[in-house]
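Following this line, the structures themselves.
Both complexes shown next keep chain A, but they swap its partner, so chain B is in the first and chain C is in the second.
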Partner chain A sequence: MAFVNLKKKEVQVKIVYYGPGRGGKTTNLEYIYAKFNERIQTEMVTVKTHGDRTLFFDFLPIDIGKINGYAAKMQLYTVPGQVKYNATRRLVLRGADGIVFVADSMAVRREKNILSLKNLHENLKNYKKSIFAIPLVFQYNKVDLAEQGIPLLPFATMEKDLNSQLKRPAFEASAVTGSNVVPTLKKIITMTMASIKDELK
Partner chain B sequence: MSNDARKSKVDSDLANRLDTLFDEDDQGEKPVVTKGHSKDPLDELKSLVMSIEWEITDDLMERFLSQIDSLKTRFGEDRILIMFLQLLGSLGLYIKTNKGKAHPIAFKLLNSVYNSFEDAASPGKISPSEKKKLLYIELNKYKELKEQIESSRGPEVEPSRAPATVTGRMSDSPTGGSTVGNSSAEGSNVINDVALTQRHLEKAIGDLKSLIIKEFAGIREDIARLAKAK
Partner chain C sequence: MSYALGQKQLDSIDEILQTDLVDIGVHCVFLIDMSGNIIASLDDGENKHDIYSLAALAAGNFGAVSAMAKIVGEGEFSLLFHKGKKENIHFSKVLAEFLLITLFGNDLSLGFLRLKVAESVEKIKKILEPIHTP
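Take a look at the complex of A and B:
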């Protein structure tokens, strides 16, 4: 639930990047931070394990500016993708207003994507939220690996596996090169803000 | 303004803001600054403090205590920082012994002491008197925590559940002769430490008090001197 401070005219929105481990969630945030650091003027906080994996979460606050007289602040989080960190994932997911599901386009990760989406569904249920109701955008990441001859799942297959019932916006992307990282972010912000618009009176 | 008009204004405001903010054409790429696994012992300690919030394992607590030790060597000359480290070490040992049963305030205090320590250890960030003040505040919180634990457990509860006291001794030997999984040996070390180091805490607080009294006396003298000069 977005935090709306009517007195201060401020709205805080929490967007969580979710998905399987090594899928590129942190890379999404790193790209946004590296590219727009001067404009967003905040610091990205990343806590990694020894193996360079996200153990807790990454956090990137972004001040969007005034929307309908309200100072809009986006808080972008990632969750640790590794299966064993579900308790952490659940904690980070608490209070999420919008979700970007970063799926891995590599063919060998097909099952992991599906399991991770199921895990998202379960964890949302834990907070009495429905995956069908929350603003959600899919990002099929790592499409750049096709150039290296790595077998990837076709867009249609990814859609069938993950998005056939949800029918949410989906982007093929490469977080490493930045391709479609920003459109994904814009889309989830727009969808999330639309979902809380009635509160911004 | 009608509801529809207001909604469309919000949409267009938002679209404009996002286009301005995330225009990808004129931005030069910058290196990402992350707080990742680092060789800096302070960063490492911070990462361990954050880890303790999520999960408490013997391995993690051993690493935490050993990191405290290495920082003691690094800040050996600075008495205030050493006392901060002793505080962190004592809290760490208490959490290690009690794990999930540790008093919830112990975790908050661990964070608070770390944050104050970080400020105190950053060159030029705060003045020496502010450093002392921060230490004094944290010591008081620590004392309050000890009192709370002691009053809540009553006279019958085993003393091994009490937090250790701030001294050099405990942190100088983080393993304290105990081994992972040997809770009775660990408990008895903590009992000994509590008994042996109570005096040290009282002495440390006494030292701080006399230091503050001296500083106030100095300030009073200065004021009197200035008043006479007028």
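Take a look at the complex of A and C:
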């Protein structure tokens, strides 16, 4: 949950990148870290296993300037995507104000996307939050793989699988090249800040 | 879902942290919520740390230890303390949603620190109690 510091005129917001394992959540943060280096005063924190997979979370704080006179600090987190790490995934989700769901566009990962979204729904319920109420943006990642002839799911199929009921903004993206990474981030920031604007008077 | 704290409340918290903890010689103290947001932070002016990263990791760490406690049939591990060669970290839960983290050197005994932390936690509870959190 967002914290508004009326003394320092500062608002801290938690945005979580969620999705199946090896979907590109960490890559999103790494691109943002490289791109907005001058706005980020700290190192990106990552808790990884030997196999370079996220064990606990990645963390990146980013200052986005002033909104309604408040200095806005976005705290970006990723969750571990692998199914077996649900306990830590749920911990990271605690107090999330906005979520980016990074789905894998590869045809072979279709079921993993659906299961991960279902898992998000259940974990949010655990905190008495509804997936229908929380600011959420979809990112269909890895579209760059089409050039290498890897079968991808078309946008319409991804939408039908994941977004047919939720009807949230969705971006086709490539976290590796950076394509649509920043628009995804901007969208979730806008939606999240709109959801807490009543606190910023 | 969000919550706010005003100038008066934050000033009171700063004062408690300053007189009860910084003045007795802790290096750095900060109050965070379980989402990893920093509510207040103070240091002795000599020991600067990246508190945003520390806060995120501390909230995660505390959550992980709580989950471990539940698995082994404990409600909670009441003492959470990391000992280093020069720097030690002490964690204390404040109500259900907040965490007070203290960094201190070897010149301060753990017993005395725990006593002072417990005192400040009681005072901070009174300020934070009215805030409704889920």
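Throughout what follows, the second predicted complex is superposed on the first by the 201 of 201 C-alpha atoms of A that agree within 3 Å, B and C clash if a C-alpha of one lies under 4 Å from a C-alpha of the other, contacts with A are read in each partner's own complex, and residues count from 1 in each chain.
Just so it is clear, a contact is a pair of C-beta atoms (placed from the backbone, for glycine too) under 8 Å apart; a residue touches a chain by one contact, two chains touch by 3 or more.
These figures come from a predicted structure and were not determined experimentally.
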Combined model on chain A where chain B meets chain C, clash or fit: clash
Contacts of A:V45 with chain B and chain C, given as first, second, both or neither: both
Which superposed partner A:A96 touches (first chain B, second chain C, both, neither): second
Chain B versus chain C as contact partner of A:P169, first or second or both or neither: neither
Chain B versus chain C as contact partner of A:T88, first or second or both or neither: both
First (chain B), second (chain C), both or neither touched by A:I67: first
Which superposed partner A:F57 touches (first chain B, second chain C, both, neither): second
Which of chain B and chain C A:F36 touches, first, second, both or neither: first
Selected from 135-143, 153-161 or 171-179: the stretch of chain B that, after superposition, runs into chain C: 135-143
Overlapping contact positions on chain A, where the chain C interface meets the chain B interface: 43, 45, 47, 56, 87-88
Chain C-touching residues of chain A, taken from the complex the two chains share: 1-8, 12, 14, 42-43, 45, 47, 56-57, 59, 61, 73, 75, 77, 87-88, 91-92, 94-97, 127-129, 196, 199
Residues on chain C engaged by chain A in the complex (per definition of touch): 1-7, 10-11, 33-39, 50, 52-53, 56-57, 59-60, 63-64, 67, 133-134
Parts of chain B lying in touch with chain A, wherever the complex brings them together: 6-7, 9-11, 13-15, 17-18, 21-22, 24, 27, 29-37, 47, 50-51, 54
Chain A residues touching chain B - in the complex, by the definition given at the top: 30, 33-40, 43-50, 52, 55-56, 62, 64-68, 72, 87-88, 178, 182, 185-186, 189-190, 193-194, 197, 200-201
